[in-house]
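Once you scroll down, you'll see the structures, which are given as structure tokens.
What follows is a pair of complexes built around chain A, which joins chain B in one and chain C in the other.
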Partner chain A sequence: MSDLQITSVTKDFGETSVLKGVTLDVKDGEFISLVGPSGCGKSTLLRIIAGLETPTSGNISIGGKDVTQLRAADRNLSMVFQSYALYPHLTVAENIAVPLQMRQMTALQRLPVLGTVMPGARIQKQDIAEAVRNAAEMLEIGTLLDRKPGQLSGGQRQRVALGRALVRDPAAFLLDEPLSNLDAKLRVQTRAEIAELHRRLKATFIYVTHDQVEAMTMSDRIAVMMGGEILQCAAPDVIYEDPDDIRVAEFIGSPKINILPVERNGTELTVFDQVLSSHFYGDSPKVMQLGLRPEALRLTQSAPLLTGRVVHFENLGSEVFAQVALDSDGSRVTLRAMPAQRQSLGLGAQVGLTFDLSAAMIFDAEGARLRRVELAATRAPEVA
Partner chain B sequence: MTRDWWKHMVLILGTIIVLAPFYMMVSYSFKSPGEIDRGEGGFFGRQEMMIDPRCAALRQPDRADIEAARARFAGQDDASVQASLLAETEADCSMRPVLFNYSKAFTEAPLIRYLLNGVIVTVSIFLIQIVVALPAAYALSKLKFWGRDAVFGLVLFCLLIPVHAIALPLYIGLAKLGLTNTYAALVVPWTISVFGIFLMRQFFMTVPDDLIDAARMDGMSELAIVWRVMLPTAIPALLAFAIFSVVAHWNDYFWPRIVVTGNRDLFTPPLGLREFKGDGDGSFFGPMMATATVIVTPLIVAFLLAQRRFIEGITLSGMK
Partner chain C sequence: MAVVDHSVAGIAKPKPDNRQARAGWGLVAPALTLMALILLVPIIVAAVLSFTNYSLGNPGFDWVGVQNYERLFTRSTYEKMFIATFTYVVTVVPISVGLGLGAALLVHSLGRIGDIYKTIYFLPVMATLLAMAIAWEFMLHPTIGMVNRTLEMACGTWFEALPFFANGCAEGFPLWLGDRDYAIWVVCFIGIWQGFGFNMVLFLAGLTSVHRELYHAAEMDGARSGWERFRLVTWPALGPTTVFVVTISCIRAFQVFDTIEAFWPQGGGPNKSAYVMMFAIFEKGIQQNLIGIGSAITMLFLLFVMFLTLIQRWLVERKVHY
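Presenting the complex of A and B:
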């Protein structure tokens, strides 16, 4: 019913172009995350969807209706801000009631004293109070209704901001980094609660974050933005396992993906003069880049493809990350290992690493994914 | 003795200089004319019975009074009847100086009326200033429009224009409109306060943009944002402005003196002080100072009340 279409939206601030033609279709009820480093234009895009900024060109439509020229107030969207933006002079209950008062009551009914004697005002007031109570109960802030925002903790304010957003029935919820002011523990908890809220309300959520973990854990689809463009928009597992662009691969995943230079010499693919596969028939570029997730690397004793010394070591309990400085050029790669392998990963230890070519991603020098080359490369050894 | 003693000395000296006129004003309002002239009696004066000279002069017994009183003083000659009547008059007209000063302050001129005029004028000025300044300050701080900086530059420029420089054109304008000797003449020239616009604009700059965006998302129009969001958050700044505005216009002598000519019903409190200006028969300093004390008291009380709110204020702590 309330699909949301963003069609080639651009936004310039003076000389700088913040959005360079963004197109995105959001289905009704979908949870979509806009993720990217700061300054990538994700917040600007959200504000354009909200109607708080006007795009330089392009269109926004909600439920098939073009809303590009519509004021924010008339778009029927609700938004949760990073700073929560609660009205400091109103109580929690009044804060949550504001969107309903502004939409359901007439200007006369809203008047401070006269409003109470206007026809229908009492029934309206009761309806609104009822809706506020329901929203507060859903978020478990029923006991805080009489407090002022100044008397609440960060987590409680965050819930009030959510309550103000969901008290009416908007076409979509827009969330602008709502968790970034919470402490780490509360963030994990609230993350789960927002995801649950989405399942319960079955509403469209557009969620802006710079935290890839939030994006990975909550979304139906992730749109990775960089430099004012959407690089890739797909389900979280696709984004992680099958990125279209080296920037997406580098942004998603923690620790970061390892990038190694790879060259094609005739029919051979080589990394640091180690032949990966011979009789490789791809008509690929001479110089390419090889992306290896930390879990794609394995420790090995016999015939290692890469050798190096352990320079840093992080034990997370369930898994171990080691940074290895390669002997060939000193660059560092990160390896994910099991705790059982800890002994062989002491600081300064000399280790050998290997990997499966099928787990590697190949990108060209500019960073575009070369799936055809990968296919050829992984098949090549079998042919040989 | 700390090393900062000289700072305290300077501050104490400053305090004395500032407070001395107030001390004189309050002290004179307690004293009899003789004590004021001779500069004696300490702060409160001796509060000896004194005779109101004007009262005594008005009730000087004449021939008819003596004839009428002859029955009460049977068997006395005219001179002694007159002396008895004079003694009665003096007894009726004598009172404590403090009572004399303050009763004169209220009876000699319609001081209550003047105070009421002062309230009407200052409150109207302040309310209209808010109605003008808040939307203007909101636009100048939070809305983006072509020429905004130029408009703000004009506001700053207007801060530099002294009132007295434009008094004459203002007076002529009001006179041509037939507005002299009306409340409008006292109020209208002050309704647009560039200082208020400037002060509120500086305050609004500190209000987070998110709060305004949230209000827009909640369905508020721009004017609703001004009155429902900006006004309540700006209470501390408004109080500061209120002090400047109310004090300036309550105490203003210059402008009311120009536009109120003759009609005593429109006199503001400072104009009321003129009633005690001595012409031929010496100045009434006691009642004059009593009037001055009555005039400044509301301001001091209001300031002390506002001061608490001022410090508590509604802070923006709910924002982050």
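Presenting the complex of A and C:
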């Protein structure tokens, strides 16, 4: 167990640059998720950490030791692959035993027949069998030890792959979308089990996923990657409530955040000609973007900031999502409401919406967060 | 009531079943007839003839019991036949499978250049063996052949320290096709040269089905050397391919004929040292019109091939299937 540093790592495949200088510090025992849309370079980054891919430039160090030039087998990391990559000809027990055999036994001891008569081989084998049993018990696959991977279900294979990773004591666990081949129900269950495993082992986990729910529910910190860069790396609640970039805000959160255009005319901030704040003295660009989470929007009858018609409606039982097409430009915003408000949200119903400026996030035209503008805008009424 | 109902149903039921069975037999009849006519009947006829002294053109034949088989196991000609055949099989199969696997692994590890090697190694497979045999015959000619001329160039150099060259330079290099100690080995060499490209292509096909992520998993698990990765991933994944390649190679090795017919049309090499089974069948059954003994060798041949196929089935079902 040790911390892991990634320092300005880049990776080019021919002309295309997949990673554009990624820097990330992972603390000992931390569960960190690399999340982003497909093609953002998250899997490449994981494979560079593992040593299966060499970076074009930059460094990887584990426990303060530079391992950039070290091959994967010598880095003492464990990896769980998306396809599980179990050896099809070996039983579950043999699969889990492979990393121990490869590392603890000599080439002579591993020989099929001759190996058994080599000095020390018997004790080694007993130790390995013991370790395999422990790992299998931890994952509750003790009854499957004699089966071949071909006879297992997806969830069981996934556990075997986990077992193979945790049977030895690696510096960190690398998981490459391990849940993406499971069905929805099993995914939720395994998600909880992996998080619990992390708490029990207190080991460093680096978890690659494109599923924001997995990232939000399991991680200590989330690194949101896009276009070969880490846009933001922070705790899940910070990523959700206080994103640095409009792309982070748009990627995390379901349904997606609503983006509205904001303009500044003198001291007035306006959305579709509705005045948000008339005493804005801050320094800001003329055109900005306003980010509003669905739960920040409220239904209102008196003096609505936005008006529109309900065009789509989703009832999830505990909450209700309605898509409202705005009268001003026809763009759609998503609103989260309580089930009690269902009646006023029938398809085609005319609704008025309002929100608190303090719950909104303001970004510039390029998408960078403007925290000072937010501060000035929310404080302005008090000053006046 | 229930009992009556049951019996009525019992009588009525077999009718559609019968009709379905009859339709089924009707549908497989053409395939069954063809199979019997062109596969089973000839084998049975050969089996029957192997117990007779029949010759083509004779009005009748006599039953001779197991006399033909007895000859196979007592006469020295047939002893030579078995020795030549098994020498060929035991030499050619492992070497051509091993070389095929080695070449496939090397070609697979190359990029585009691999295609060139693939073509080159596959050329002998595509060429007509009969024509190639004639080319080899010229090359192996004791005096004007390329092989011995090349070897002679080594005379007078340090090569003469080797006993083979010392002997060759003093008393002349081997006659190759005319020497009973060399003849069968030359045939083996040509068999390997001709056959391993085919095995390589089969192994290459097998290699493409190996999951790439398994190699990464092996690397993460600590398999450092190429040999360890081969043992952990490649070799087990090639199991089914290997069984198939070995069986095909064995059957092809038992069937060797054209080289021997091209080199020694009059009788299976010097002192019958390359008198393989296929050639024996041809010589006895066709050239000498001794259908009885020819059929007996054929039945033995069939037995070997059947045995190999059974081993293959057994291996495929038991050991390499997952």
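Here is the rule we use: the second predicted complex is superposed on the first by the 383 of 384 C-alpha atoms of A that agree within 3 Å, B and C clash if a C-alpha of one lies under 4 Å from a C-alpha of the other, contacts with A are read in each partner's own complex, and residues count from 1 in each chain.
In the analysis below, a residue touches a chain if its C-beta (ideal position, glycine included) is under 8 Å from a C-beta of that chain, and two chains touch if they have at least 3 such contacts.
What you are looking at is a predicted structure, and each value in this text was computed from that prediction instead of being measured.
Asks: Looking at the superposed three-chain arrangement on chain A, would you call chain B and chain C a clash or a fit?
Replies: By the criteria stated at the top, chain C and chain B clash after superposition.
Asks: Using the touch definition from the top, say if A:52 reaches chain B (first), chain C (second), both or neither.
Replies: Both chain B and chain C are touched by A:52.
Asks: First (chain B), second (chain C), both or neither: which does A:87 touch?
Replies: both
Asks: After lining up the shared chain so the two structures overlap, which partner does A:7 touch, if you call chain B first and chain C second: first, second, both or neither?
Replies: neither
Asks: I'd like to know which partner A:103 touches here: chain B for first, chain C for second, both or neither.
Replies: Touch partners of A:103: chain B and chain C.
Asks: Between chain B (first) and chain C (second), which does A:78 come into contact with in this model arrangement: first, second, both, or neither?
Replies: Both partners, chain B and chain C.
Asks: Name the contact category of A:181: first (chain B only), second (chain C only), both, or neither.
Replies: Touch status of A:181: first partner only.
Asks: Using the superposition on A, tell me which residues of chain A are in contact with chain B and, in the other complex, with chain C.
Replies: Touching chain B and chain C on chain A: residues 47, 50-52, 71-73, 77-79, 81-83, 85-90, 98-99, 102-103, 148-150, 164.
Asks: Enumerate the contact residues on chain A facing chain C in the complex.
Replies: Result: residues 47, 50-52, 71-74, 77-79, 81-83, 85-90, 98-99, 102-103, 107, 148-150, 164 of chain A touch chain C.
Asks: For the complex, which residues does chain B have touching chain A?
Replies: Touching chain A from chain B are residues 208, 210-211, 213-221, 224, 229, 232-233, 235, 314-320.
Asks: Show which residues of chain A lie in contact with chain B when the two form their complex.
Replies: 47, 50-52, 71-73, 77-79, 81-90, 98-99, 102-103, 148-150, 152, 157, 164, 181
Asks: Can you check the complex and tell me which residues of chain C touch chain A?
Replies: Within the complex, chain C contacts chain A at residues 211, 213-214, 216-217, 219-224, 228, 232-233, 236-237, 239, 320, 322.
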